[in-house]
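Following this line, the structures themselves.
You will see chain A twice below: alongside chain B first, and alongside chain C after that.
So, the complex of A and B:
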């Protein structure tokens, strides 16, 4: 025993150890999802069906469209090829950034398992963020790559004219992951205040896919709607990377778009910190 | 006199509950005008715990045990009062503080459900920054005492409850915490598994001098592990002291079980020991139970008179166990907490 048996000594985790610890969470999440890889094989099928559905829907719509003066039919400023690329890239991206940490947080709060996290000397929000990153690393390998191999040749998806845009799209999707996991963390925190947030989570998922621009491009909607959506974080998840891929953000607009995503990621992370601190201080952890 | 490690003063915690009205209409009214009630789960709890003590914290369901433990582990903020543990305030310096504690909540696990047990230990090594030498040594101890190596490479979800509990205990102690909180560590375990857990805890206490606070419904845990007990009821401390003193205080009630050869009325039994302060109770058929205090009556006297007067086939004399002593202490208290105020309407 120490000389001062009645005193607990302060401690400090070095930056190096912190990086090691949170890196370990990425690794563990990867291992965890590896145990459930079967789920993702079925995901490849369902995503392919989604994209096929939209493919036939939009090609049918474009066929009935009168071509413009240049002989090309467009809808909302997109040609049929761009439209199909829009949908395919959107879903391929979603296979990467999607995660369920809101649901996971809800279960932990409802069942009181969150107590086991709170008695450990780490930052729960950071842990969940890095677990989400681990999940996405797994998804990239087991979901995004296989689905790209199926979808890209199947629908004849072209690479961007400027190959650098492919790189920027990847960067943008990584930012999407950060924004999306923080949206999910914040939504999951609602479980501190409500008994069951399954309904909220469903509503969030559906409206997120819509407000992401994943189902219908924003350019189909009236001006005021596009302006309103611009104020929401969802367009920073799905819409921005796809428009980067399509080359719709020339010059400085690319930097602005990436900046908007980064700002949402940081802003939502900070908001999550505040909400989390408050919730843990004021709310009762159930059971136990 | 040394300083206490854990210092609890006037610790109080209120919960706000909604009183539901009856029926469908009541449900709608609740939406608009909820009725709140304040429930005081823990009230003015005070105690000190010295380094190296092993304290049993016991009480009925809802007495406030878990609420107290949650405040001591920093998960819950109290409504009033103070807690300092080794100079830290648990809920204010949660990350500093939790580095020094270990916790096992019997109903939950701190292990990663889908992964092999060893992955959880490796992660805990990182979380608590346990150096490799200490890690190896601790794991050897855990294997010696708990036999954890046997299932180190199995996923946690495939472990039996007993195995899982052994792993959870090891996980809580990997970083050699100064304080260990155990919330019902033997719940649901069979006799052998319980015994293993108790032996392990004794060994760890002797080895590391860890301070242990233990809540349990199993008084066997308390009898074997703790020198000191704190009994809480309706959120208040009812008893705080040595286990032996508790036995003394309740005055050594003795139970004499009497089996008769043929039916006899209670009146006849009472007559046989008339003049002695003995209370009778018929258990079933030919079995009767006499209760008396050892300081008032000698057991031999009661037995002699009974055997002479009644057709006795068998007799058994039993010392009370802790369970009975505690039951006596909180006999009148059925529900855990006391309502302190009711305010109707006022929604916030």
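So, the complex of A and C:
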């Protein structure tokens, strides 16, 4: 009887085995994307095209701006050189933290594979988060580094004056990955309630790039809109790391910024748990 | 017997016959989509949000300057709106091109296409439509009209005719470029290919060409001729006078690009060997 209870007790694992299990998913995701690495070569070209497009748009914009009393045109507190850096670092970071968890979750729910995920002895949200980490580890090597090698010299991007800021930018982008993967997980959970969320995903992607600050720095926005985006998690994805790189967060502001990111990462993870628990109850898998 | 009768049809009759078939294709497609009515609204939502974001970007940027290298807000908006119309037309008919290499060549659906006595290209294009492209056409037109009214453009009958000709022929530029790229997959088997980076160059066509450096302008005019999608045709209405006659070349460019792609497609079809599946 006691032996049977032992068998039935769910997920009876040592902490080490659990760590090993989830660590395995990082490795698996890395290997999975390694098989598709060819796709990322064209991605390098695409990202260079994105950055070039905004480079031309913003340089034209700064040239049309009336210069300040010191003869330098600034906008939203940025010079044209800082603006180009802003765009380049923003897109380089995006090449690292980006993932498609929401779409994956949608496919699993639509095709009923979610049933198999639910049967297995692990926490689906944690697995997807670790897979996102594995994907990003892959992207860092095969995507972010090649892109940096192309974009940094092409647009003459300078390192931050204080080299330590480079390190903090990296830390900040890792937190971006956490926030972004949880936003995606929550969006993917919508597929429990709607059959087709591809339009929602498309809307989310473009609006996220906008609300991230990837397309336009927040400091360009009118006051009321800056306040509004300050309440959203998206600033923790794109805007904070780039402003850290540019040295716009001196002293204590750096710690506050990183704290905001960490708080969103934890908060959204917990929200994801709650939503997941509720949503799973609604699942009906037909056959399979 | 029937085959011989078909051969004797005149060109006009043949075109009418083929058009009837593709009308039926479209009717069938609409019927299958009606089963998923919600999808249309969900996709519409996606398109609307991306257009609203783009308008927000332009509005924010023009909050900082009075003109973008001499181009006013209304002029830039006019070009952006104009670019949406060919994009919408292109999006409606081109969904199958994107997946062509994978679905038709690798999975072997192209064998079936070849067995039918109808134009192969038209079959591939008409087997699937992306109805949400209608949103781009409608919203693009609305943006063009709104910015045109703000600029107090005087529009005559000739101008209306010009738009009606230039809009669809500008879409031929998109279609031609991507058909050309798709045709390459007859020789090089590659699931994704070079289409995504080229697709991303489309965004360059939203803004006035003069903001780009000379090499980029040459590229967009002659190599990936996306400048003919919005900037040149829109210059019929706006900007310096010396580009007005250039705008009239749009239909020619569209036809040349598209014809070149069709020739490449035909060679590709002749070169096709089935995977046997």
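Here, the second predicted complex is superposed on the first by the 272 of 288 C-alpha atoms of A that agree within 3 Å, B and C clash if a C-alpha of one lies under 4 Å from a C-alpha of the other, contacts with A are read in each partner's own complex, and residues count from 1 in each chain.
In the analysis below, contacts are C-beta pairs under 8 Å (C-beta built on N, C-alpha and C of every residue); 3 or more make two chains touch, one makes a residue touch a chain.
Quick caveat: nothing in here was measured; it's all calculated off a predicted structure.
**Q** With both complexes superposed on chain A, which partner does A:13 reach: first (chain B), second (chain C), both or neither?
**A** first
**Q** A:210 contacts which: chain B (first), chain C (second), both, neither?
**A** A:210 contacts chain C only, not chain B.
**Q** So, does A:32 touch the first partner chain B, the second partner chain C, both, or neither?
**A** Touch partner of A:32: chain B, not chain C.
**Q** Looking at the overlay, what does A:164 touch: chain B (first), chain C (second), both, or neither?
**A** The answer is neither, since A:164 touches no partner chain.
**Q** Considering only the touch criterion stated at the top, classify A:120 as touching first (chain B), second (chain C), both, or neither.
**A** In the superposition, A:120 touches chain B alone.
**Q** Looking at the overlay, does A:53 come into contact with chain B only (first), chain C only (second), both, or neither?
**A** Second partner only, chain C.
**Q** For A:222, decide between first (touching chain B), second (touching chain C), both and neither.
**A** After superposing on A, A:222 lies in contact with chain C but is clear of chain B.
**Q** Determine, under the contact definition given at the top, whether A:282 touches first (chain B), second (chain C), both, or neither.
**A** Touch partner of A:282: chain B, not chain C.
**Q** Between chain B and chain C, which residues of chain A are contacted by each of them?
**A** Chain A residues touching both partners: none found.
**Q** Can you name the residues of chain A that touch chain C in the complex?
**A** 39, 42-43, 45-46, 49-50, 52-53, 56-57, 59-61, 63-65, 75-76, 194-203, 206-207, 209-210, 215-216, 220-222
**Q** Which part of chain A faces chain B closely enough to touch in the complex?
**A** 1, 5-11, 13, 17, 20-21, 24-25, 28, 31-32, 35-36, 111-113, 115-116, 118-123, 281-282, 284-285, 287-288
**Q** In their shared complex, at which residues does chain C touch chain A?
**A** 36, 38-39, 41-50, 53, 56-57, 60-61, 63-70, 132, 192-194, 196-197, 200-201, 203-204, 207, 211-213, 216
**Q** Report the residues of chain B in contact with chain A in the complex, numbered from low to high.
**A** 2-5, 15, 50-52, 66, 70, 73-77, 85-88, 91, 94-101, 103, 105, 107-110, 112, 114-115, 119, 122-123, 126-129, 155, 178, 183, 209
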